[in-house]
Amino acid sequence: MNAHPAIGPALGQPDASDDGIAKGEVLLKVDNVSLSFGGVKAITDISFDVRKGEIRAIIGPNGAGKTSMLNVVNGFYTPQQGTITFRGVERRAMKPHHAVRQGIARTFQNVALFKGMTTLENIMAGRSVHMHRNVFWQMLWHGPALKEEIEHREKVEEIIDFLEIEHIRRTPVGKLPYGLQKRVELGRALAMEPSLLLLDEPMAGMNLEEKEDMSRFIIDVNQQRGTTIALIEHDMGVVMDLSDRVVVLDYGKKIADGPPDEVKNDQAVIDAYLGVAH
Amino acid sequence: MDFLHSILVKPFADMASAPDFLIQVLWEGMVSGVLYALIALGFVLIFKSSRIFNFAQGIMVVFAALTLVGLHERGVPALLAVPLTLVVMFFLAVGIERVVLRPLVNQPDIILFMATIGITLFLIGFGETIFGGENKRMITQELGIPTGSYIFEPFGGFVSIEQKDITAVIGAMVLVAGLLLFLNKSKMGRAIRALGDDHQAALSVGISLSTIWVLVWFIAGVIALVTGIAWGARAGVSFALEVIAYKALPVLMLGGLESVMGAIIGGLMIGVLEKLFEIYWGQPLLGGNTEVWFAYMLALLVLLFRPQGLFGEKIIERV
Amino acid sequence: MLYRVAGQFKTSYEADYALFPVRQDAWLLAFILLLAFVVFPMTANEFVFRALLIPVLIYSLAALGLNILTGYAGQLSLGTGAFMGVGAYACYKLVTIFPEMNFVIALAISGLFSATVGMAFGLPSLRIKGFYLAIATLAAQFFLVWLFQKWAWLYNYNTSGAIQVPNIDMFGVTVAGPNATAIVQYYFVLAIVCAITFLAINITRGRIGRIWKSVRDMDIAAELVGINLMKAKLMAFFVSSYIVGIAGALFVFLWRGAAEAALFDIPLSFRVLFIAIIGGLGSILGNYLGAILIVALPVILSTVPRAFGLPISPSMVEHLNIMVVGALIITFLIVEPHGLARYWAIIREKLIIWPFPH
């Protein structure tokens, strides 16, 4: 891990993301970002910030540009205008794997697991960024490569315990039910030990019980590990309960930003969800 | 300096000094190009309607030609052998749909691609087992295709254009026109295009997948037969021709997998350019026979700048 | 009963990572190695060595190389034959320019050449995917074979245009060339194939193997969990072509004895691809099973009809062979896309719980 000293120490310790930013300070800042595909404007001039240690929700009707916003944050899309400042470093264009190395991990709206691999392998894949033994050690296997593998296996087993998925450790994820796949995906993101965790509709398609489990995991991750979380979610009950602050998008524009109670009563937000003549 | 001169100046000087020869080269390249385009066209049709990258399209050309010649060898009159070959191609289409495609519905694209490589091999082995592996002569005259040639003398030079090549070009144009008419005007043609746009949606409005697939593979078989006759007339008929079949692949890379126009333009471009390169650069500088790789390298180069081909649609990746 | 795993407990992660967590697997492997190192050499004759054992080993190695690229990293290649050619020609130049060089070192270096060329032709994989990439590898196939023909320096300006393997000694024993005995060549190939298989198993089960499989299963997600796609793909091309190149050098030096450019043409690429598909993509064991089937098939096709008194000509055997291989590919893709290796996995699972059905 010596190559990336800035990335936090082991999981399980309080306040895992020791990134030199105090709790409550700005961790991620998005300034005047605009993104378009050909002539279609997905995001227009959006600014907001995420503070260290909080749970930040991004909500809005379908097609509001929420997922595009996450894609911009983790480097998958490059915005035409505006800048992203993460941990005090400003950037516009970057590769997604660089974003991961800086400490941004995410889950996806449609589960994006490696279907041919087992739960264990999927979560271990999330630790790739933290493993560094080269090809030659890998070929010999015994010695340093094995030692590294076991070290990381222990951390992965912690995550598996935490998410209560011990029984499916060796099952190929393609065979798992949807709810469990979502949980494995969260496990993979946690394995990256991010300081900012992006969750794209973590509870879509779940039943009530599964939603409750997932909410508990999200709160635990946030409180026990001190991981900052930005999430997109359609279930307003969940959003209002979980999040510290909410940003509302509509047609690629920001229409409200603030604590849940304030946003809930904002006229623009009510209009966007109920629909008024523009 | 000499080196630069030999690649940048001399070839063009050669072209200018013997314009009649240049015309001859362009014509030859264009005829090959038309045939490449035809093979690629059969392929585009199958891809559009079923998302299958049909590696076997080239081999179907040889198989069709071999069946035609083989039937004639066994005493079937030439003009009867053509419809009989079409019947064989029809049953081939039915067989492929039943045995290969139907069980593989909804498999990943790459599995289907490998299955068509299996079809390729099976057809080679099957064709050779029945008709033998030696090179055969195409029954050009028996089919009533003129074999003479026209001589022109432009710029005081000499250009010879073979009548069978002209027939091939005209045949190809008629075929393409007919195909475009069928795709755009007939009910079946619209169904094929619908299937290409959205599989699920097409199925849900009552278009039968099996029927369309058999039809499309049969049309590909018809195209294969026409191409096979034209090609066989130039080079004889045997599975050694499969090399030519591989030419359709770079044409597709260049033209984009889904574009009929792309296949035609890509075919012509590759036919003409590879001939020019071979005559003016390949033979004097590289020891010749550059036609085996030129098309691929050209396509690769284009793809590096336009991954979707010259006429393909740009894909926006989503997560 | 033979495969009962009850009572075999693992108390550390290290024990869990043993190559054979189940004891019986180790016994089985020991048995196979005993066959390969002791029983076959004692019983096989010249024909069996040259027509079955040596080619099976070499084809397995080539398929192993391709499998790393296609089965593990998910990048389909149709140019394996040409990369084998690069290994063979590089090895030929090395042993003729430096006759004193130890042959194993020459082999190792020739692998580097094919790996570099493979990586160069793998560069388009950063921009293009799937079928397009498969076709791009055909560019390597056609271009390289053309180069083998036209670049006379590669075959030392022989008038035949072919490379002839000279006699090569190692520690006083002739391992390659006209004077080499079949049994020595068999042991030589066996040792190299075993060593590379061991390394390949290790590399595919650790971090790098996981990275490759992630790229194969979903490349976008792989990038978003922090995997550098460019590095992962190029490394797959490098390692794969390295193994394929060594297989190519062995192919010419320890088996064919001579080679011309056409030997490395498309049919060879396809043969190796089919071994990998029939054996099982994404499996190490499968390469051996596939190679046994593909090498033995023509032998079976020519001997079985004769045993029934049916006359069958050599060309007929060849045609039938092609046809049957094509049919086998289709059958496997339909019935069991994971190939022969999956059958073994299923049998093993049944044995573990035998005599109970579930």
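In order of appearance the chains are A, B and C, and numbering begins at 1 in each one.
Definition applied: contacts are C-beta pairs under 8 Å (C-beta built on N, C-alpha and C of every residue); 3 or more make two chains touch, one makes a residue touch a chain.
Quick caveat, the model's predicted, so the values are computed rather than measured.
Comparing the centres of all chains, each the average of its CA atoms, the largest separation from chain C belongs to A.
Central chain (C-alpha centroid nearest the global protein C-alpha centroid): C. Between chain B and chain C, the centres computed from C-alpha atoms are 33 Å apart.
Separating the centre of chain A from that of chain B, both taken as means of CA atoms, is a distance of 49 Å. Centres computed as Cα averages put chain A at a distance of 41 Å from chain C. Counting only residues that touch two or more partner chains, chain C has 220-221, 224. In chain B, the positions touching at least two other chains are 317, 319.
The multi-chain contact residues of chain A, meaning those touching 2 or more other chains, are 76, 108, 112.
Chain B contributes residues 53, 99-100, 103-104, 107, 109-111, 113-115, 117-126, 128-129, 133, 246, 249-250, 252-253, 257, 286-287, 289-290, 292-293, 296-297, 299-300, 303-304, 307, 317, 319 to its touches with chain C in the complex.
Against chain C, in their complex, chain A makes its touches with residues 74, 76, 95-97, 100-101, 105-106, 108, 112-117, 121, 124-126, 128-129, 131, 133, 135, 138-141, 145-146, 148-150, 153-154, 188-189, 192. By the touch criterion stated above, chain C contacts chain B in their complex at residues 76, 124, 127-128, 130-132, 134-136, 138-139, 142-143, 145-146, 149-150, 220-221, 224, 266, 270, 273, 277, 315-316, 318-330, 333-334, 337. Looking at the complex, you find that chain C touches chain A at residues 13-14, 17, 199, 202-203, 205-208, 210-211, 213-214, 216-218, 220-229, 235, 239, 282.
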